[in-house]
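Remarks on the structure that follows.
By written order: A, B and C. Residues from 1 in each chain.
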Amino acid sequence: MAVQRGDIELAGLSKSYDGIHTVVHGINLKIPDGAYCCFLGPSGCGKTTILRMIAGHEDPSDGEIVIGGENVVGLAPIQRGTAMMFQSYALFPHLSVRDNIAFALRVRGLSKTDRYRQTDAMIEKVRLTELADRLPAQLSGGQQQRVALARAAITEPRVLLLDEPLSALDEQLRVQMRLELQRMQRELGITFVHVTHSQLEAIALADMVVVMESGQIKQAGAAREVYASPRDRYVAEFLGGQNVLSGKVEAIEGGRLLFAQPDRKPLSAPLRANIRVGVGDRIDVAVRRDDIELLRPNAMISAQQQSALPSRVLAIEYQGSFVKVMLDAVADEEFVAYVPERTFYRDPLVIGDVVLATWAIDHARLLDRS
Amino acid sequence: MTLSRPLVGWLYVSPLMLVLIPFFVLPILVVLVASVFETDGFGGLIPTFTLANYATVLTSGLTFNLYFETVQFTVLTWFFSLILGFFVAYFLVFHVRNPLLAIGLFLICTVPFWTSNIIRMISWIPLLGKEGLINSALLHLGLIREPLGFLLYSSFAVVVAYVHQLTIFMIVPIFNSMARIDKRVIEAAVDAGASRFDILRLIVVPLSKSGIALGSIFVASIVMGDFFVTKVMSGGGSASVVGAFYEDISVLQYPSAAASAVILTVILLTMVSLILRTVDIRKEITR
Amino acid sequence: MSTSPGTVTMAQARVSQRAIAPSRGGRPWTFYALAALFTFYVVALYGPMICIYILSFQDIRGGLVFPMKGLSLHWFIDLFTQVRTGDVQGAFERSIKLAVLVTVITVVVSFMAAMAFRRRFPGDNIVFSLMIGSLVAPGLVLGIGVGLLFNAIGIETSWYGSALGAQLSWTLPFGVLVMFAVMSRFNPAWEEAARDLGATAWQTTRLVIIPVLAPGLVAVALFGFTLSYDEFARTLQTAGPQNTLPLEIWSMTLNVTSPSLYALGTVTTVISFIIIGTALGAIVLIQKRRGARAGGH
């Protein structure tokens, strides 16, 4: 396939400060043209550093960054065909909305009429026409974001880089602006690289989610892949939505393994083709929180199909369409069940109730060792 | 980045150095060098190396008296300007509700700074003199029977003139420090039951440390380096270290004057670096 | 929850008496005390000078103290026309010219130095220490030093040469310190954004950094002008044969005989006020213009 304009390839990308403190460890990644890619991870995992290296605001210590087939390392930001939307937007406080957006054209030497013509077209696109003469300080958070977006987009970049664009907004606005970002990306048709620490945001927006920890990529793939089929414990826990059980393999038989921990009875999990296990290995198994059914202690279960853990209810959180029930099934670790709301209220539980946490054995997922 | 970072830094700071080196570093060196020369008695200098000048200055009882007086004035001025400056800044930051009004009042305090300090010094004459306003008013009110002599041409007058001139140097940095205190910290203290005095003692003062330090540096170095306020306001009764230096220069006693100047500068720089140890000014200002 | 004997619960602590109750809109007593102190300070600050200004309007019978004799501009005229050993007019002109020079140089150099200090570079502590040293060193000592230096080299001291340098050694540290305070409010992301959008370093400086910092630069200019205009100790030994205004005032002070000195005080103050007014007006204008550009047509 011919190399598209806005596809990005990171090869062996590293960044360290003073040779001692390494923030990014040899990253390899391919982002296709026109994709919405989210880098997801906690503070300090290196995601922002990678973004800034792609943008050209920071130089890599090692490795290549290839955009649209050309290695851009060493080029100035404007020469890369990238544009960045900064955290807290960095709108020029002394310039109006129009002048902010027109800035890139101004430094290129366009005359006032020319640049205002293009700017006004862009202002229309982001629907800020009535506010064109306002100063950034007079705009709301969402409006500021649209200005920042327009300001970056007017340079007709092939890649748009967003540094935690929604972090500064309140809940409701965040959800709104997410749609706005999605819309813009579809309209512009260019690659978006978006850095965030919110897993909900990442899986809502991204075609490709890149989960990072301590300067390394833990898993990169479609949102569903990363959420429902996490590769290891870290990804499973970070994305939320999974319970992770650990234990030692006691037996392997009939496509399943039996793993146990000293404080509870053994559980079964299906084997996976590409993961090797032997008896005595320590393993992690993930069970989706919404796969867990809570039954009263005297319920009937099929030992061949279902796993069951007796536990006590520790806490209950109402979340609207489902109810989060925290259980003490596993010592020292969180064990949570997402119970559909209507199901819960057919036979509501209270704190202290003893229940049987059950799930289909085939829904348990063996994880890679981190 | 075409140039390496250190180079860019030095490029930008070079004009500053172009001024500081010939007009600060070299003159100090010149004075240092002059202090180890000998005088030929007629204003010329004989290049040798002698510590005799230092010996004379350091062992002279006159020197001790001079420093004693100057340090006295410095301490008194520092004390009063600190109290006054601190509470004026405190008032402006914490009691004036309208920020615009606070800035306006602040400017009103700074405006006299923009006028000649010599003029401000002699302006005390019609006020404090024997025939001045204050004496006339007090006589008129019958509070005293004879004009008070100590108001002008006395140590009292010297301290008054210094405090008048230098309190602004306390107000500005302290105001700056106080304005940076997060009001919510104060609210949290009120929430915990602190009294106003507690808040002052435990929160405001510690957080204004850098402003106090900076102000103290200004006040102390100006008073110790001053030569005419003391002389004029004391009517010649008191002398100051730099005043004596000035007189030595006038009679062309360059080497001993230079030695005295070097000693003073060393003392000043030591004092300043001691103060700067307690507070990292650079970090505080640029925070 | 039980308390053992001897422990003090929060309820028993002697807190309530000294704690601050929510104000019902009124002011605590400390407000009035501090307001009184503030008023006293302002009165004491302006009082002496106002006496001078008033006394400068006496007529020919006027003396140095109250009560005031007559009302006229006599002493102002006397100031500028009377043949005297000094040269007030010339000193005025020289002071203004020198102050303007100092102002321009101070703004440019302080700006550049502050830009340099934003990042650490080797030796930056040395430069910073030299700056503080220049601020703290006794003005007269430096003045003498400069005078001796120029003598040794063989250049003549002059108000536009050695005095300019000596004054700069005083105004530049102030300027840089003010710029430090101003820069701390400058978000470096603005610079990066400009660079991201394709601006060169010079374009970034011209279109973003300077406009945003404009009020701060005006403040530095104000400092530079007034510090130079009133500078005395460093200028004393370095001005050469022609006096600046403070030096002129000084020689008049030494033989104070008539209110013409007061008239001089009034005039210099008026000039200072005009300069301050202009500077502040400029700042207000800049802020207003930014606000007016917004808010629609």
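Heads up, the rule we're going with is that a contact is a pair of C-beta atoms (placed from the backbone, for glycine too) under 8 Å apart; a residue touches a chain by one contact, two chains touch by 3 or more.
Since the structure is predicted, the reported quantities are computational estimates derived from the model, not experimental observations.
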Requested in this report: Once you've mapped the touching chain pairs, tell me: line, ring, star, complete or other?
Outcome: line
Query raised in the report: Which chain maximises the distance between its CA centroid and that of subunit A?
Result: B
Report task. Pick the chain whose C-alpha centre of mass, unweighted, sits closest to the average of all protein C-alpha coordinates shown. Result -> C
Requested in this report: Could you let me know which interface, A-C or B-C, is made of more C-beta pairs in contact?
Outcome: B-C
Requested in this report: Using mean C-alpha positions as chain centres, tell me how far subunit A is from subunit B in Å, no decimals.
Outcome: 58
Query - Inter-centroid spacing, subunit C versus subunit B (mean Cα positions, whole Å) - result: 15
Query raised in the report: So what's the Cα centroid distance for subunit A and subunit C, whole Å?
Result: 53
Query raised in the report: How about subunit C: which of its residues touch subunit A in the complex?
Result: 187, 189-190, 192-200, 203, 207-208, 211-212, 290-291, 293-297
Report task. Show which residues of subunit C lie in contact with subunit B when the two form their complex. Result -> 13, 15-16, 18-20, 27-28, 30-31, 34-35, 37-38, 41-42, 44-49, 51-52, 55, 64-66, 108-110, 112-113, 115-117, 119-124, 127-128, 130-142, 144-146, 148-149, 152, 165-166, 168-169, 172, 176-177, 180-181, 183-184, 222, 226, 229-230, 232-233, 245-246, 249-250, 253, 256, 261, 264-265, 268-269, 272-273, 275-276, 280
**Report entry** Residues of subunit B defined as touching subunit C within the complex
**Finding:** 5-6, 8-13, 15-17, 19-20, 22-31, 34, 84, 87-88, 90-92, 95, 105, 107-109, 111-120, 122-127, 129, 131-133, 136, 164, 167, 176, 190, 193-198, 217, 221, 224-228, 232, 242, 245-246, 249, 254, 257, 261, 264-265, 268-269, 272, 276, 281-282, 285-287
Requested in this report: Give every residue of subunit A touching subunit C within the complex, in rising order.
Outcome: 55-57, 76-78, 83-84, 86-88, 90-94, 96, 103-104, 106-108, 130, 133-135, 138, 151-152, 155
